[in-house]
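The following pair of complexes shares a single chain, subunit A, combined with subunit B in the former and subunit C in the latter.
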Partner chain A sequence: MLKFTFRRLSLFVFTMLVLTLLSFSLSFLFPGDTVINHSGQINATPTELVQLNKAYQMDKGLFTQYVAYVSHILSGDFGQSMASQSPIRDEIIELLPATIELSLVALLVAMLIGIPLGFIAAINHNKVSDNAILSMAMLGYSIPVFWLGLLAILVFSIGLGWLPSAGQISLLFEIELVTGIQFIDILLSDSPYKWQAFSDASAHIILPACVVALAPATIFIRLSRAAMIEVLATSYIRAARAKGLSFKQIIFRHAIRNALIQIIRHVGLQFANLVTLAMVTEVIFSWPGIGRWLIESIAQRDYTAIQSGLLVLSCFIFIIHILTDFIYAALNPLARGNKYGS
Partner chain B sequence: MAVLMMNCKTLYYLTITTLVSVLTACNDSDKLSLSERSIIYCSEGSPETFNPQLSTSGTTSDATSKQLYNALIVYKGKNNTLAPSLARSWHVTEDGKKVTFYLRKDVSFHQTNYFTPTRLFNADDVLFSFNRILDNNHPFHNVSGGQYPFFESVRFSELVEKIEKINDFTVRFILKRSDSSFLANLATDFSIILSAEYAKQLQHQQTKHELDIFPIGTGPFKLKDYRVGSLIRFYRHDSYWQGKAKIEQLVYDISPEKRNRLTKLLAKECDVSSYPIAHEKITERDDLTLESITSLNVGYFGFNTQKKPFDNKLVRQAISLAINKQAIIDTVYQGQAARAKSLLPETSWAFDNKTPELGYDPQKAKALLSLAGYAQGFTMDIWAIPVQRAYNPNAVTMAKLIQADLRKIGVTVKIITYEWSTFLRRLSLGEHQSFLLGWTADHPDPDNFFTPILSCSASESGNNRTFWCNKEYDKLLEKALKTTRVKERKEYYAKAMMIINEEMPLLPIAHSKRFQGRGNDVKGNILESFGGISFYNVSKKPLNSKVGNVILPEITDKASN
Partner chain C sequence: MAREKIYLEESFPSPFIQLWGIFRKTPVAMLGFCCFIFLVVLAIFAPIIAPYSPVDGNLDMILLPPAWHDNGNVSYLLGTDELGRDMLSRLMYGTSLTFGLSFIVVVFSLVIGVIIGSLSALTKGIKSSFLNHFLDVVLSIPSLLLAIIIVAILGPGISNTVWAIAIVFIPQFIHITRYAVKEEFRKDYVLASRLDGASNFRILYYSVFPNIVERLMSQATLAQSAAILDIATLGFLGLGAQIPLPEWGAILANGLEHFYVAPWTVYLPGLAILFAVVATNLVGEGIRHALKLRKES
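== the complex of A and B ==
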């Protein structure tokens, strides 16, 4: 296990090296002065420019410049946003939790809907319900998220008026920012309207979370169906059946558990997909997350923000991958022998 | 492994039950009563500052003037007559050079977590508020840039000689000359009263710039929270001198995207929405109301009279005759505007019904063009504003319509547009040949249309981008300001309009209406008769009769208790 951990950590370090190299080179590729792209200080006075050049070691060789850049990032200094002129670090700390919250809820919804449906399809392999679920999954997978989001707003917010269309919570509620994750902040706050706020926040998250969850859910359907079919074909299931265990016992005690292990591996991979979908969805539902912020930064040509935003997001997704690898390894001892990162 | 399974199962049921409970909780009566005492207003942008003295942008004064502050006097009623506000009454001497205000003695300033007032409003506050603008050496003059665009445009410092404090509740303005628009200027959204005591505190703490960021005023609401680009939260000012407002909380949801504002209004996420689009969609819903007010503004097509070929009066007349204004109003304003007969809206008291309107006559236009020596036509550019304004909701479409109209008389048009600030800068340099722009009046006095748009002084420094300068016209305006007799003033302005009609430095196109969408449960007047908005008189009708019995904790401001 120690070896496994060490391998994953070195993989992390090297990937981060490549990522920072990429983001470092972006400063040169973007139009404008490199040091201004690094720092985002578009209105710097001559004396400030001299200081910046010194801080980023711009007069030295490329390698020294890179080291200076990485040391800035490691100390948490991502520069300033060119558009708002406030530190990017603060903006990310404020916005990233909202994206994590949305993605986690969406992941949960996707798993809770996708996995059971996939199992049902596998158990009824090659029957009508199997085909129905599969074609539904195909349909769901083909719907583009931006269209689905707008449609959901049109039907559920404007048409039926059931659910709100924008934001994280009604602006009437004042929730102090502690962790950034709205639900936790609401529970921590001492507002007299705590429970109203909680239900309001839940109502706000339903639509975006479901929209984000649709595509991953269909993938979970297919994954869990394949895993279940595979498990049901194994000899230990046949042996269990020969022993006279009931159908229920076979499925719940043996098949599901073994199939789930296979699926958990893919959760991490799906998370990257999910965050991408969440970025588009955040724009549609005015969700105050990092995806919307990043897309706005692209529209405003805010190079410093694009650069740092990409770095933080990819780093975040990579950490999730490694975490799921660990969980998988903890659950499945066979995987620990895996020498290379997968 | 079994544990994992168990968790999965319980989680599953838990989530299902939460989802169900959440869905039902939306109709919970508790939620209604918080929203019942609050208003969410979807506004179109962030204010630049919280002090309307510093900006002429409508977004800024909408968010601040009538909410946070009061002026000495206000416009009231349909006829826009002057009425007392912070001043109980006022008196103008015979020669019009001394104006005395008698102040109210029961006005208190906001108490917030950054300031606690120890005294009531008095003459010192009036002196502070205006001396800040007038006196270049005032300690607060250069805080926040030292620019007071409205007061500069009406040449306030050239008009006011000094302000005297007679006693604690009497203030006298001494003017250099009589000016009939002086009182009108004091009643605008920009002439608000700040707290001198708060300023002193800030000066003491060496944080003078906070005066315009953390505002203190006498208005019906006080600032609680502001997040740039996201929201402004106001709480009710409980000891407001006209009695406290009916709603306890006022939230400005800043949504610059117009489709977003419409969605929020339709989904009832905001109670009131500024400048809505898709008017039919709102009118066909029976739980929403669309209201409008003809605001005092004008959208016009101006010519650079310093540049060829528009230095020729005949060309200007020809081009004006060739433009089908009604088509523009139907297309660009979707019929929601009044066709402009002259610079001044017909709703103004100074509008003379006999003012002739230049019609649509392409034949005559062609004849005039050949008379001017342009029988073969020419090529010109039109600069269209890149932003949406009430007086011109879509300048590029308007430019395209004009382009099509002018093609018929042989004139080729190139449409040019820049990013807003670049546009204004290049316009002031006079790089354009013709341009689409507009003007929103700050107060109902007719002078506010004539002087800032077309006077000689405005062509040097102000908003006159036609660079047209006519001595006779300026003289008429001057005379109109000197007299206080309404009939005489009306005559002068009628003559001025005749000159514009003859010289055609610009073609007035439309006076637009300001629209606002709101839920039917929102009661009370919001749109003021010219331009601005006020939430003081607004209340909300309970949607659900059951709610009345539920007793809930008051929204409390921790700092004030």
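== the complex of A and C ==
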């Protein structure tokens, strides 16, 4: 396990290196002056420009420039947003938790719906219910997410009027920003309307979370179906059956546990996909998250914001990726072996 | 074993022909394949078939509902949008933009990805480890986010979107080719031709490629369904196809303002995207199913 941890950590360092290198080189690729792209100060006076050039070591070689850039990032200075001229760090601290909240809730929904359906399909392998679930999964996988979001708003918000269509919480509730994650903040606050606020926030998250969750859920259906079919064909299941265990005991005690391990491995990979969907959904549901902010930044040619947004989002995805790798390795000793460079 | 047909030459169908034999016996896959061919034909011949121009509007016929509606007009089968442009013609021209371009993108990145992937499969040690880590990093960035960054560098527009999506898909093909080639190189038949004195390149071309081509095709269909969705999504966000172009995602975004008055300007392009993606996925599903059956037989 120690060796495995070491391997993962080295991968993490390498990834961060490549990602910072990518965002560093973006400043050169974007139109405009490099140092202004780094810092976002478009209205800098000549004296300020001289200071900036010194801070980012622009007169030295590329390597020194890169080191200066990384040390700025490490000290938490992402520069200013070109559009609003406020520090990007503050904006990200405000927006990222909303995206984390949405994507984690969506991941939970996708797993809760997808995995049991996949298991049911695998148990009834090659029967009508298996085929029905598979064709539903394919349809769900093919629906464009922005269209699904619009249809959901049309049906559930406008047609039936059950759920709100935009935002994270009704403006009536004043919640103090502590962690940024709405649900935790509500529970921490001492407002007398705590529970109304809580139910209002849950009503707001249902629609976007379900829209984001649909495509990942269909992938979980496939993954869990394949894993379950594989497990049911193994000899330990046959041994359990020969021992005289009932069908229920076999499924719940042996099959599900072993199939779940296989699925956990893929959660990290699916997460990148899920965050992409979340970015588009944020635009449609006016969710105050980092995805919407990024897409707006492109319209405003806010290069500093795009650069830092890429860095922060990919970092977040990679951390989740590594976390699931750790959970998988902790549960399955077979996975700690040699993987690369052989 | 005694030969049954002495006078006829015995023919051994190539892996690809075997696959086609199984594929055409699956009705659902064939249905998907027919829809796919239909879309390809539509993408090529849209300018000839389409009844009206996709950009010129008829101001007398604004926001006309589809023909099956009470107020519809048969000469505008799927209705018109807010400038009186025929929806059917726009959707037909959109096929060559959304579907046709995604096809070209996938073929382009497939070729580049296969070349780099098979070359990299022959490397070992630190170079291979570095490439693997690098691919891991690129694959962990969401494809749309990467496409958005590239569009931000190049500026919005349909041709830049196409480049962005092609660049995004290349690492996926490198990854899958590399993995497949490495797996094949461990097998005995490769060893056999190596003992015959074949060079690496010859083994790759004559022995390995015929055995991995279906796996690449199955990945290509997955990539194409993702490419259709990505082009449409970028068009919807206003980063892809610009205003007069009848790209499906852009038509949908354009119809948003008249969502309540004219819902068909939103649900028709959505259905078109859904249809194209389902057809592509059915073909891919058919290939994977046939691959599985061929392995078992």
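The rule is simple: the second predicted complex is superposed on the first by the 337 of 342 C-alpha atoms of A that agree within 3 Å, B and C clash if a C-alpha of one lies under 4 Å from a C-alpha of the other, contacts with A are read in each partner's own complex, and residues count from 1 in each chain.
In the analysis below, contacts are C-beta pairs under 8 Å (C-beta built on N, C-alpha and C of every residue); 3 or more make two chains touch, one makes a residue touch a chain.
Keep in mind the model is a prediction, meaning the values are calculated, not measured.
Enquirer: Clash or fit: how do subunit B and subunit C relate after the overlay on subunit A?
Expert: By the criteria stated at the top, subunit C and subunit B fit after superposition, with no clash.
Enquirer: Taking the superposition as given, does A:288 touch the first partner, subunit B, the second, subunit C, both, or neither?
Expert: So A:288 only meets subunit B here.
Enquirer: Between subunit B (first) and subunit C (second), which does A:192 come into contact with in this model arrangement: first, second, both, or neither?
Expert: first
Enquirer: Report for A:202: first if it touches subunit B alone, second if subunit C alone, otherwise both or neither.
Expert: first
Enquirer: Could you say whether A:87 touches subunit B, subunit C, both of them, or neither, answering first, second, both or neither?
Expert: It touches nothing on subunit B or subunit C.
Enquirer: For A:257 in the superposed arrangement: first (subunit B), second (subunit C), both or neither?
Expert: Touch partner of A:257: subunit B, not subunit C.
Enquirer: Considering only touches as defined above, state whether A:164 meets subunit B (first), subunit C (second), both or neither.
Expert: Only subunit B; A:164 stays clear of subunit C.
Enquirer: Considering only C-alpha atoms, give the closest distance between subunit B and subunit C in the superposition, rounded to the nearest Å.
Expert: When the complexes share the chain A frame, the smallest subunit B-subunit C C-alpha distance is 6 Å.
Enquirer: Per the definitions at the top, what is the overlap between the subunit A residues touching subunit B and those touching subunit C?
Expert: On subunit A, the subunit B and subunit C contacts do not overlap at all.
Enquirer: If we count contacts the way the header does, which residues on subunit B are in touch with subunit A in the complex?
Expert: Contacts found on subunit B: 1, 4-5, 8, 11-12, 15, 18-19, 21-23, 25-26, 28, 30-31, 34-35, 38, 40, 224-225, 228-231, 233, 249, 251, 253, 255, 260, 263-264, 266-269, 552-553.
Enquirer: Along subunit A, where are the residues that touch subunit B in the complex?
Expert: 84, 108-109, 112, 116, 153, 157-158, 161-167, 170-174, 192-193, 195-196, 199-200, 202-203, 206, 252, 256-257, 260, 286, 288, 331
Enquirer: Which of the residues in subunit A come into contact with subunit C in the complex?
Expert: Within the complex, subunit A contacts subunit C at residues 11, 14-15, 18-19, 26, 29-30, 138-139, 141-147, 150-151, 154, 272-273, 275-276, 279-280, 283, 294-295, 298-299, 303, 306, 310, 313-314, 317-318, 321, 340-341.
Enquirer: Within the complex, which stretch of subunit C touches subunit A?
Expert: 125-126, 128-129, 132-134, 136-137, 139-145, 148-149, 151-153, 156, 225, 229, 232-233, 236-239, 249, 252, 256, 259, 263, 266-267, 270, 273-274, 277-278, 281-282, 285
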